[in-house]
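Remarks on the structure that follows.
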């Protein structure tokens, strides 16, 4: 490098242009302000925290040792939890396919049907599984049916959103080829598009099933079936040694389902 | 011409097989891709559509089966004016038009057989196509077609497991499974190596002749066009600038289509190739 | 021409052989029968549910926005929980994330951190919330702590993965200058993971907004508590208003998160 070139270089080096710097600081200020507002508005009683570790240790002490004699009681609810997740996911798959075609720009009939599809998607996805559970318990009464309906209601939007994205990204070529054979619109979707989005559909379904096992573990809190009911009851009876057994069971089931899901997804890709 | 062949005489007085009248297409955004193109096809022949890239070749054949909506003009397939058809009627008309694509456009994750049979979708209902229940005759025809395009035994292979040339053979089979009255072929060899390209062109030519089906073939390779087509249509900036037998492709004509260039070698090479083939 | 060719064809089975295909089908049917029979499903009550759904729907319409102050207070509380929890999660996830990064942390620390992450991820927010409610009483503090804990674990996991994926070249280069552990982290790791981490944090903010609507079910504050109360009072037209509020809030959160993350890229 020549000395002449070195002199032409600026002496002060900044990573960002002045405008970028200002925007950056505005963001940081906004984050700081919102955080301060949130923390102060929540009226946190910091005194509570002083003996929190003592209380937590106390609770942990009361949980030990786990009451293994409770284990046989929760086997049936555990199986029910998995059934709720599986059946709910299966129902969601069936409904998610038409919903996906309705909410993908390139397959929906018109602007109105697209808006309807997107509306269902947003409603399904924005309401948590447990809150869906609350609603379906009001409809079907307490029990696993409400749980299955809740899992299905939440999952349908999850699956349909990802499948709709896959439909929008599907290769135009085969679709045009099927169109040019004079196939009906339904056949174009069935033969030209569905095979293209199948890997996404299967992958997200398996992935969602594993999330749903975890979600189903708490549906019992609102009366929608599964192991959650027993957890809730044990906590309310201060039966902490039972609580630990239930927690360990949930841990085992959730980790196992995660492993199964990862294994299947690994095999299809 | 090595491939020049006897043709059935045009049916006297009847409508031509295909008549394109003043076809114009202006894409949104202003590009006039097709500018009042007219021609008729009176007998089953292979017609090469040549022109530079962007001349409007794809637009022309896609306007014929309305994958692209023409801005104005008419297209008669026999008695039917395709441009005026309602969606349901258009689907029925499309069943009579087979299309072959540059990128093959197979459904990759389906088997060769499913791709071939998709040419028969027009003749089965939704649930039958879901369950892949095609009429026995269609299935038998598909097996025969598989053999004819040189892929016997590959019926259960997935389309994405085939080579380029094999995929195009499936594409050809799918179009012919429609028993079309017209073949539209868009750059069928542009994604293939030169040797495979000639094999594919030969196959398309032979099948069109066997079945007495007229074929409109977009192609940018002048030598291939001359070698395999009976007739050539030249497009330049969306307008038809040449329509005549392929033997009439002189350097002057090529210059009018492509601009100034030394054409002698291109033309001679084509003749030599055919002599050697 | 067709005489010599088979006139029947079935697509090759999805699961290898046709025998295995039938086995899978049979297993699926058996599972369906088994699961439906073990769930104690009261068919009559279930069928009555469809009538009840219509009834419920009618009672939900029109949604009652008259108590909008209550609604707004619940939604604000949810938002505050989400913001504060994200902030706490970001701060706490840094040490935990570094501890859980294989290429930075000593092995025992790494194993302990990973164990904490695996166990923490398993439990649903609602389960964590109920413990905090037992420890700190009803209200948003329990919700805040729940979301803070699950955010910490989530962000630490993502951070650890980002750190493990950094290119080793810059780390070695900085180490070669004789830099200490902190200097290595600041000069070679931080620049590589910062943008991604900001994106992950924004994503988590969105997730926290979602979760903040549900921890109230067990009394941990936020709009979920308002919703739960309205359901237990059979106050369905207000519940409908709350549900619409939740949908709007969550959709807005998702839109914001997508918008920011698109700009980051």
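Annotations
Per-chain numbering from 1; labels A, B and C assigned in written order.
Here is the rule we go by: a contact is a pair of C-beta atoms (placed from the backbone, for glycine too) under 8 Å apart; a residue touches a chain by one contact, two chains touch by 3 or more.
Worth saying up front: this structure is predicted, and the values here are computed from it rather than measured.
Viewed as a network of touching protein chains, the structure reduces to a complete graph with every chain in contact with every other.
Among all pairs of chains, A-C has the largest number of C-beta pairs in contact. Farthest from subunit A in terms of Cα centroid separation is B. Look at where the CA atoms of subunit A average out and do the same for subunit C: the two points lie 5 Å apart. Chain centres here are Cα averages; for subunit B and subunit C they lie 52 Å apart. Work out the mean CA point of subunit A and of subunit B, and you get 49 Å between them.
For subunit B, the set of residues that touch two or more other chains comprises 114.
Touching subunit B in their complex are the following residues of subunit C: 1-12.
Here subunit C touches subunit A in the complex through residues 31-32, 35-36, 38-42, 45-46, 49, 52-53, 56, 76-77, 79-84, 87, 118-119, 122-124, 126-127, 130-131, 134-137, 140-141, 144, 210-211, 213-214, 217-218, 224, 227-228, 231, 236, 243, 246-247, 249-251, 254, going by the rule given at the top.
Across the complex, subunit B meets subunit A through its residues 65, 67, 91-99, 101, 103-110, 114, 118-122, 126, 129-130, 171, 174, 178, 184. Against subunit C, in their complex, subunit A makes its touches with residues 31, 34-35, 37-39, 41-45, 48, 52, 55-56, 59, 76, 79-80, 83-84, 86-87, 122-123, 125-128, 130-131, 134-135, 138-141, 143-145, 148, 214-215, 217-218, 221-222, 225, 231-232, 235, 247, 250-251, 254-255. For subunit A in complex with subunit B, the residues that touch the partner chain are 173-174, 176-184, 186-187, 190-192, 195-196, 198-199.
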